[in-house]
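Could you have a look at this structure, given as structure tokens, before my questions?
Chains: A, B, C, D, E and F, in written order; residue numbering restarts at 1 for each.
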Amino acid sequence: MKLIVAVIKPHRLDEVKEALQAFGVHGLTVTEASGYGRQRGHTEVYRGAEYTVDLVPKIRIEILVEDDDADQLLDVVVKAARTGKIGDGKVWSLPVETAIRVRTGERGPDAL
Amino acid sequence: MEAADIAFVVICAAMVMLMTPGLAFFYGGMIRVKSALNMLMMCFIATGISSVLWVLYGFTIAFGDSVNGEGNDFIGNFDYLGFSGLADLTVEGSDAILTFAVFQLMFAVLTPALISGALADRVKFSAWAVFIALWVTIVYFPVAHWVWGENGWIAGLEMDGNSVIDFAGGTAVHINAGVAALAAVLVIGKRIGFKKDPMRPHNLPMVLLGAALLWFGWFGFNAGSELAANGTTALMALNTMVATGTAVLGWLVYERIRHGAYTTLGAASGAIAGLVAITPSGANVNPLGALLIGLVAGVVCAWAVSLKYKLGYDDSLDVVGVHLFGGIVGTLLVGFLAVDEAGEWAGGFSQFALQAIAAGAVMAYSFVVTWILAKIIASTMGFRATEEEETGGLDLAYHAETGYDFSQAGSGTTPGSTVPSTADKAAGDKKVDA
Amino acid sequence: MEAADIAFVVICAAMVMLMTPGLAFFYGGMIRVKSALNMLMMCFIATGISSVLWVLYGFTIAFGDSVNGEGNDFIGNFDYLGFSGLADLTVEGSDAILTFAVFQLMFAVLTPALISGALADRVKFSAWAVFIALWVTIVYFPVAHWVWGENGWIAGLEMDGNSVIDFAGGTAVHINAGVAALAAVLVIGKRIGFKKDPMRPHNLPMVLLGAALLWFGWFGFNAGSELAANGTTALMALNTMVATGTAVLGWLVYERIRHGAYTTLGAASGAIAGLVAITPSGANVNPLGALLIGLVAGVVCAWAVSLKYKLGYDDSLDVVGVHLFGGIVGTLLVGFLAVDEAGEWAGGFSQFALQAIAAGAVMAYSFVVTWILAKIIASTMGFRATEEEETGGLDLAYHAETGYDFSQAGSGTTPGSTVPSTADKAAGDKKVDA
Amino acid sequence: MEAADIAFVVICAAMVMLMTPGLAFFYGGMIRVKSALNMLMMCFIATGISSVLWVLYGFTIAFGDSVNGEGNDFIGNFDYLGFSGLADLTVEGSDAILTFAVFQLMFAVLTPALISGALADRVKFSAWAVFIALWVTIVYFPVAHWVWGENGWIAGLEMDGNSVIDFAGGTAVHINAGVAALAAVLVIGKRIGFKKDPMRPHNLPMVLLGAALLWFGWFGFNAGSELAANGTTALMALNTMVATGTAVLGWLVYERIRHGAYTTLGAASGAIAGLVAITPSGANVNPLGALLIGLVAGVVCAWAVSLKYKLGYDDSLDVVGVHLFGGIVGTLLVGFLAVDEAGEWAGGFSQFALQAIAAGAVMAYSFVVTWILAKIIASTMGFRATEEEETGGLDLAYHAETGYDFSQAGSGTTPGSTVPSTADKAAGDKKVDA
Amino acid sequence: MKLIVAVIKPHRLDEVKEALQAFGVHGLTVTEASGYGRQRGHTEVYRGAEYTVDLVPKIRIEILVEDDDADQLLDVVVKAARTGKIGDGKVWSLPVETAIRVRTGERGPDAL
Amino acid sequence: MKLIVAVIKPHRLDEVKEALQAFGVHGLTVTEASGYGRQRGHTEVYRGAEYTVDLVPKIRIEILVEDDDADQLLDVVVKAARTGKIGDGKVWSLPVETAIRVRTGERGPDAL
């Protein structure tokens, strides 16, 4: 099994979610994140003090998938998240050793 | 009524109006985030319900006899059902009645709202609405009559030439609401996780905002109760301020000694405790007396809020600890500390006894009637939320809303919401189970 | 002017002042977090702009003739440009004029601010500032003259011995702002994602706070409009309270039936709807009439806020649904429900016709002029934010700020900020694109 | 005292009371989240302490001689220690004294609280409490006497038939607090990370809420200082509004040019700057003069808040930049812009000189005494928090609380808290190190 | 070494923490998350607009463990997190290459 | 490729960010977290009820790096995050199978 992690622009989440559903994936876990990269941040001003904020809001998605689906899924996520502008984010996959559904104790593909 | 007095009382009425939202924030900030909106709504709904009932029959039950003198010891007459005749401004004195009616309405809104803090976080919203509609009807309106009505039996009590002192509502408002809170929580039982799970305030600045609005409005509540602007008014305003000041200090010092910290929640709670205690007493003590009443109230209430853990009743936001105990402190202490118009000491045993009788009578009546009322509601429509609703949060369960959404996410909402459906479907599609 | 009345009206003015921040919170809480500050600023900037214009020429356009009787049907005279002569306290009646000027200034601040809710979340800040400067000048000041000016043509209308009833601003304030909001959004178009993206309120307690401050201030707005403290004042205050109460209940019950939940946003919105509807009518109905007006306003506005989805105009925060519809409900219903000083029924067809004419005239004028104004701004300086600004949030785009930073991170800020530069660089370094 | 004036001043007192919580929110929102409660508490504790001292000896030091005419240039007499005799309502004029006492108490609460913004985020809570208790005693009460006391030397200054103009407290309140803030921060030193770490406001809507409550209360502060309701009252109220309006615009335009953005914090700060500047001057200028004073205050203060970075003193929340500079602008400008009752120009060099003397005297006295006071506290009990407390946040260090808990987690708290222990352990178990 | 990641119902965190302590694990890192899966979300209503919110609050826990403890620990977490109702979450494990304690620079098992 | 995850004290983020930049890493993803470990929590008091809060605020950083840089980078992060006091946190590395830049679809080292 693989864990696919995607760091994307927040307003692409809905598209990604829909694309995943269409693909047949029915679960994911989301966290709020901030990213630092090529995309420039912004300047804020508070009573004459100017602050450079270089972290921009991102959404981080984790998806457990079966090995066979992993590659295709990567493409699905990348396509759905893309806007073509700097800051679109990264997607990566990690090898998973075990995965368990808490409710039933099922392991492996059955856990999804 | 003089223009100055109408001006004063109408503005005081607006200030007292602001106390109910103030209370909502004071309470709402203390609640866990998942039920904070429900807490606000418990207070706001009181406004709607009491306003309607006030016009329909509340005013006439409480004060019908203040207009024309007829009525009895226990309730006013029914001459003003539906406020009939009260919009006739050509009648001499109608300005005074209308001014009084709007001022007193704010008390009838606030008092039931006070109770909500005790029941917070575990009751059905619809049951709460029914509860306060009945409660103001059979508890608040009559008790207001007893204490402030032309013929009210408590107002009429005398002993050695003294009468009961309850200037702005120590018995009718605070003791009444506090003891009702106790009766109600004994019926509905504890929150899931009481004494086990942490139940940390979700927004302490909101608690302080509530306390600030309450404090501000309380000047209207206390000074406005003179129904005129004169020396007594000014004395009451001054005493209201200084008693609150010592109550804050009293609570903080108690906490520092007992628990090792000066807490923000303690400061806010101390302020309310002081305001409660000076409510019945502030027009009848001098400023040193007010300092003392505030100090005692601050310390006693700081201690009293721990009682629920010891005795095992779950008064979520300490309505008993603050309003019942604070109300008793003020009502009884003025028995000893009272001064007359000339500033001479006028307290003593008979005054104290009168105070105790008034407090005791309201406590007994309010406790028993509220207990029965709560029992009836509990055994008919049910008073408690289901376990799932309580654990999941009452905001979603009854109001289909989430209090905050600070997500910086693109669309500004918790990711994952889908598009608004514009309600083109069958009506009555039940979102929640209130 | 009597001291009591000056005291009353000056304090009412301060209360009405508080309504603009109240409105800012009411609106600001409903907005997605990324543009919440912009919403607050849209309201706050109105204060600065209207205050200056009021002194320069606003007062004299609206009420110049109230001082010396000269003027015409459509605008006041220009005797008081720059408030010339109005600080001469030795002139008999100058106290009354100054009192009136400060009270009415608050209306001139609030009315344009009301419109902001409709345009929220998509307009250029600079364009908004220009818009309201022009709008108060060519719409609000004249319309205020029509309705309340000594020689205003609406004030002068008569039919069967009746005159138009608009006690505190149903037409001049609410219908005016509501219809202007509609005209403006028709010009500027919909938010990106309207009807598709969820646009959930970011802070519902803030919405309730705003509603509470509005409600409190509204007593000043409504009762203060009598410009004196008397029986009418008290009646207006009482009716303000009870109409709001039923409006809350009306909205909540409608929502429960139609959408399945009693929402907090509904309670707050219902309160505002009730306050809007009782504004023109409250001094001319009895309390039962007020209950009815509130109830109808609550239900009608609860229904009207869905119209934008059906008809496809994007009135972000329902200024049309609440202020236009609420204003119409109050303005028309008083035609039927009006009572005279003695509490006798005084409504009827001619009164209703007068009300309809006043409402219609203000609607027609305000809609047309606002539409043209918005078109001119849109086609010159541009009214809309760019797509990037709108998607990224207007707070950063125009105000170079972030509303909240709750990060518990060591330095208390979103990690990643760098040290403040102390502005030792070239001036005019543009942070934002307002 | 007339009923109308009592009514007016008592309500104004309540409005001024609300300014201290308003200030707490204004300041608290600007602070990093980890010390926000401490900021609120620094303001709230002032209420308790000043209220008690006011009753014990504050009033008599400041205004003892206003009652019976005896006293000296520097402090009042001691006839009213413990408010002795002041609750005797049968004495003619006692209503006036009590009204004055409650109104002025609010000033004695607010003024020390103003200072807190400068010291924010790095001082021991207990040291702060001691500091303000001493500061009001040896600085505020005497200075209030100088400026407003029956025999105060500043009140008695004359030149060419003119007297010092300080209607509502430009010198006694704002310059006094502003310069004391400067003295104190010079003693206690900079926050860790000053000029290096970002210190972003944690809650800008809270800042605006504070500004709004301050603004509202300021009508009571300014107009109420007339102690009566008349033409001057109305003029003051009007000028208060319009000066604030231009100050908001002035600050925003300065910021837009200098830093490239119209900030929300700038709008709020501009409002306060305008209110400060119009405080001493508003009853003595016409509305055009008020517009000018507001504009100058807005621009000057917007510039002055950067001085701390250039000069290297750490005035956390710009008490110097806003209150000292704003106070000076208002106090000096009225020297040139003053008009008399008839609206005729009455300013000029001698008036300006008087204003400068008053401002200079208060500055010199307050600076020196505050500096010594702060030094003494610093070298005895210690004034600063430890480095660990400062870095970890003062809320946990002194108040054993966390401001917010928005976690949607099941139990509504930051996961990981354990069950409440109901304080059954040894008292004095120290949670914090205040 | 392994990294065990658990996405659980928020109100089970205390139980999981206690179970881990009992087992002898003395450290973990927690983040707030939202999950999408079989568990249905809820509907919210704002002025007549009904929103379907299909992400539900979850708690995400990360625990570094020695290889030998990993399997047992998985069971401990699953057991403590279980309520038996839909939405109980998932637990998975990932292979870790290096782990370091920042304070001391210790590596591997000593870093825990 | 590797994924380096660091759980550190919040106020060290700026130092870590600077050290990474100096090293030549130009991207990272940050999430807010809370940690439980040897570092003791604190007690809070609300109306006489004393709560022990044992989770302390932490910052969680993720950095994708090329295999060759991973070891050196671990040291850079550990050094920058260190204060020497308990609670400094942990850093660990995980093997990554694929990494993609969403904007361009580039894979592997080019994705960084």
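Assume contacts are C-beta pairs under 8 Å (C-beta built on N, C-alpha and C of every residue); 3 or more make two chains touch, one makes a residue touch a chain.
Just so it is clear, the structure is predicted and the values come from calculations on it, not from any experiment.
Participant: The B-E interface: which of A-C, C-E or A-D repeats it, judged by over half of the contact pairs being the same residue numbers?
Facilitator: A-C
Participant: Could you let me know which interface, C-E or A-C, is made of more C-beta pairs in contact?
Facilitator: Answer by contact count: A-C.
Participant: Which integer distance in Å separates the CA centroid of chain B from that of chain C?
Facilitator: Between these chains, centre-to-centre, one finds 32 Å.
Participant: Using the average of all C-alpha atoms in each chain as its centre, how far is it in Å between chain B and chain F?
Facilitator: Averaging C-alpha atoms per chain gives centres 50 Å apart.
Participant: Give me the residues of chain F that touch two or more other chains.
Facilitator: Where chain F meets two or more other chains at a single residue, that happens at 11, 17, 30-32, 34, 36, 44-46, 48-51, 55, 94-95.
Participant: What parts of chain D, by residue number, touch at least two of the other chains?
Facilitator: 2-4, 7, 11, 15, 198, 200-201, 203, 209, 258-261, 263, 265, 306, 309, 391, 400-402, 404, 406-408, 410-411, 413-420, 422-423, 431
Participant: Mind listing the chain D positions that touch chain C in their complex?
Facilitator: Against chain C, chain D makes touches at 2-5, 7-8, 11-12, 15, 31-35, 193, 195-205, 208-209, 211-212, 215-216, 219-220, 223, 228-235, 237-238, 241-242, 244-246, 248-249, 252, 256-265, 267-268, 271, 285-288, 290-291, 306, 309-310, 339, 341-343, 391, 393, 404, 406.
Participant: Using the touch rule from the top, collect the residues of chain C that touch chain E in their complex.
Facilitator: 198, 200-201, 255, 258-261, 263, 265-266, 269, 302, 305-306, 309, 318, 321
Participant: Residue numbers of chain A touching chain E in their complex, please.
Facilitator: Touching chain E: residues 1, 3, 17, 26-32, 64, 94-103, 105, 111 of chain A.
Participant: Going by the contact rule set out above, which residues of chain C touch chain A in the complex?
Facilitator: 197, 391, 396, 400-402, 413-423, 431
Participant: Please output the residues of chain D touching chain B within their complex, sorted ascending.
Facilitator: Result: residues 2-4, 6-7, 10-11, 13-15, 17-18, 21-22, 24-25, 28, 36-37, 40-41, 44-45, 47-52, 54-55, 82-83, 85-90, 94-95, 98-99, 101-102, 105-106, 125, 203, 206, 209, 213, 395, 398-408, 410-414, 417-420, 422-423, 427-432, 434 of chain D touch chain B.
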